[in-house]
Amino acid sequence: MVKFIKKVIFKLYVIFLMGFTVWYGYFMYPLIFGFEGKEKAEASLMELGKAGTDKERMFVKLIAEKEQTKKTDLGYRVIDQPYIEGRFHNIGISVEPDNGSICVRCHGNVPHDHSKEIRSFLNMHAFYLGCESCHIMPGKDAPAWEFRWYKKSTGEVTDNPVALVEIEDSYKTAESMRKYPMYGNYGAKIAPGKIKNGTFTFLHDKNDMAFVNRYIVEQDHLGPEQKSQMKRVIHDSVSKKPLQCDRCHQKKSPYLPFAKLGYPLRRVSELTDTSVVGMIRKYKEFYIPNFLTPGGIKD
Amino acid sequence: MYKQLLAKLIIAIVCFYGFGDYSYAGDELNCVLCHKFRGLSRIDKDGKFRLFYINQELFDSGPHRRNKCKDCHTDINKIPHDPAKKVDCTQECHMVEPSSTEKFSHKSVAKVLSKSVHSPVDKNGKEKKFKEDYPGCKDCHDQPFYRPFSIYKGQLKAGVSKRGISRCKSCHTRGDFAEDFYEHVTTRLRKSRFPMETIEACAKCHQDKAFQERHDLDDVVTTYKQTFHGKMIALGSERTPDCLDCHVVEGENTHLIEAQDVPTSAVYKTNVQATCRTEECHSKASAKLAGFQTHVTYDREKYPLQFYMLVGFKALMAFVLYFFLLLIFLELLRRLFPGFSFFKEKNNNSGDN
Amino acid sequence: MSKYDPIVYQDGKRLFYRFSAHQRVQHVILFSSVIILALTGFPLRHAEEPWAKPLYHFMGGPELAPLIHHAAGSVLLALFVYHTIYWMALFYKNHIGKLKRENRVTPVNIIKEFFSQEMVPNKKDLMDIIHLWKYLLYFSKRPPRHEKMSWREKFDYFAPYWGIPILGPAGVALWWRDEFSHFMPGIVLNAAYIMHTDEALLAVLFLFFVHWYNVHYAPEKFPAATVWLTGYLTEDEMIHEHYAQYVRVMIEQGLEDQIKPQHFGGEEYEW
């Protein structure tokens, strides 16, 4: 018996060594004849060379490079930051992806493009507001939404982000500003939801949005009419006219309950009074009467 | 209609009500009120991602920290901003160049650059082919950082040491003067960028296959990275030369890189030996050292010696290693069937050789 | 002639003499310096790989690692010279000395004696290789019977003899490049660079698989052979690898009746 087991172990070891030998032959090949990684990078660059128009070239480049980063070694500190071609100023920090929102899976992080004068502002808001916050309104007679923060990493409800007050107060001193150089980055976003049977669920709750997820997975296999049908249904609840700036940036009952969401009082008063509201009012009067009415402007 | 209204109502600056107690030195217009948001961004009509975020902490870590936003972005006067011109690095900024009474500007650098191989016009003022390929400031430079270091009791350390700077601060007590000059001067006492970053800056163009074809250039970056110089830098050394050390004449402005066939170039046939043998490098070598070829592509016609040596070694390596690999594989296989043979030998122990 | 007995007994088992302490020490110096050279050289050869930088910094970083590499290389070169003198002395003592005593010192005899040294390849090795292939391709039932040094061991032995003359001078030229430039054209350094890096790759790939298979991975050796420490082979190892020598030594020692049959495959080992 012991002899038999020995024999089996012996044969298995020999077979393992044979596998190791084959692997070694495979491992040696690029070492002797060059490097696989280099060839790959070269292949994508070659493809880039063949692409004809600027647009094509850009696509090939984006697909080949995915996200680019840049390292700066200062000797006492290494700064590893995202790289955007043609950008001069340093970015410093990467942004974590928003896994909680299903919208960004198609629309991405920088979705606003329509209202030329304020699209950057709108994208700025998209950094800490879920899309539904402004683009899906409760029905006329329906009760108002409940607003909560969700974690970007998981999409789950989170208490007012721990660092919220600290970050909001961060520009008071140079030291704290250094600690939170990326303003508004709480790792969380505000999104609306409903209270069903005493428990809170987001509009974008996983179960409620499961059909959208399914669509994204299946879309390549759908017929053209089916695709249009489903798109219509998916975007059905999107309001024609999105939320306007002064619905939130006003003193009397702002649409978003800032205080309840955990903003420090000082920040609430800024958002609903003086500076921000002042800026909005000024633009409305001096510049373009329709300036701060997203969705309602046509160039 | 709107545009007319806009034009009439160019109000130089919108002043905001007291907003926060801290705003950094350069930002007297409180631009960061909006530009501190990481999400302030859009995609432009060519599909380029435009990010308008300013990382104050990093902005404060470089020589530009004493500049106001408007020093460079001169034509931004109102909100929302009109389409702005590209920043012109050669314009004068508010600072006075301390060795003269003139306002500071990067004009002198641009002048040198225009004499170099990287200028889009040639000596006779004629435009070169593919002039859009030639670099401007931003193609090689990002927002610069200070890379200070300190020496205390003979010990060199990266960063600002409290003890080191205290020697300045005992006299220069006002404001950030000591900090600014300490970081500025110590950064300038060595290269302001880690050599690998310089190489990557060159690689942006010089490693691009299509670019190489357009200008009939070899892949000088990859070939450089295969040299001892390049490899030591990849491993973190700052002592071996990067691109600029060999392509700029000793003592010249770094921006004066000249083509190989220009007689004043650092890499002109007869000048290479001087470039190799500068005091900090191969000072003990003879002029023959310049016969070393740096950018070897292993091209059969250009570098026959290297090509045939490489082919020879690869063949030898492949032959020896795969021969023994096959032998070991067969031997292992043989162990699974130790007694088997196509021919029956009479006696297992017969025959001796 | 030798102070070692061809067969010693330990715990009732026969052990066969193979390497003297002097030779074992040489081997230890050889492999230590080669391993240090590989550890300080390969991160440089593959500087762009992610493992290179941490390993190089572990080995002393850009400041110290080159010094270690130069030191280990010097040791290896010194060992190479020493070993060459060593076998020349042995050759003189054991072979030329014999000829002198017998008054037969002629060039032909010297050449004959040269090829009779145990490390020098001879006709039997060629026959063994042919036999091995017969065995591997199932045309023969048993592997060749090797004398004290099989052809593979001879190959292993001569690998440094072709490797070090390539690697060593190239390494020295790269090390003292400035001084060498006074009497050599610069392009020699290009050649030295290729010689040094590619020959090193060959050596390391060979050692870490083929040699390590022979002394580490092989089923009967795993995890490691002991002869480099003890200088003696077990009877099993002798039968497996040096059957011809085994039979010869047993007969010489008058143990003819105790000769065991040849076995192979490795299964028969007591492990």
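As written, the chain order gives the labels A, B and C, with residue 1 at the start of each chain.
To be clear about the criterion, contacts are C-beta pairs under 8 Å (C-beta built on N, C-alpha and C of every residue); 3 or more make two chains touch, one makes a residue touch a chain.
This is a predicted model, so every value here is computed, not measured.
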Farthest chain (mean CA position) relative to chain A: C
Centre-most chain [mean C-alpha coordinates]: B
Distance from chain C to chain B - Cα centre to Cα centre, in angstrom: 47
Mean-CA-position distance for chain B and chain A (Å): 30
Where chain A and chain C are represented by their mean Cα positions, the distance between them in whole Å: 60
Shared-contact residues (touching 2 or more other chains) in chain B: 314, 317, 321, 325, 328, 335
Residue list for chain C, restricted to those that touch at least two other chains: 201, 205, 209, 213, 219, 266-267
Multi-partner residues of chain A (at least 2 other chains): 14, 17, 21, 24, 28, 32
Sites on chain A touched by chain B in the complex: 11, 14-15, 17-18, 21-22, 24-25, 28, 32-33, 38, 42, 45-46, 48-49, 54-55, 58, 70-77, 79, 84-93, 95, 109-110, 112-113, 117-121, 123-128, 171-174, 177-178, 181-185, 270, 274-275, 278-279, 282-283, 286-288, 291
Contact set on chain C toward chain A in their complex: 201, 205, 209, 213, 217-219, 222, 266-267, 271
In the complex with chain C, residue positions of chain B that touch it: 225, 227-228, 230-232, 234-237, 239, 282-286, 288-293, 296, 305-306, 309-310, 313-314, 316-317, 320-321, 324-325, 327-328, 330-331, 334-335, 337-345, 348-349, 352-353
Complex contacts: residues of chain C adjacent to chain B: 43-45, 47-48, 52-53, 56-57, 61-63, 124, 127-128, 131-132, 135-142, 144-145, 174, 177-179, 181-182, 184-187, 189-191, 193-195, 198-199, 201-202, 205-206, 209-210, 213, 219, 244, 261-262, 264-267
Footprint of chain C on chain A - complex, ascending: 6-7, 10, 13-14, 17, 20-21, 24, 28, 31-32
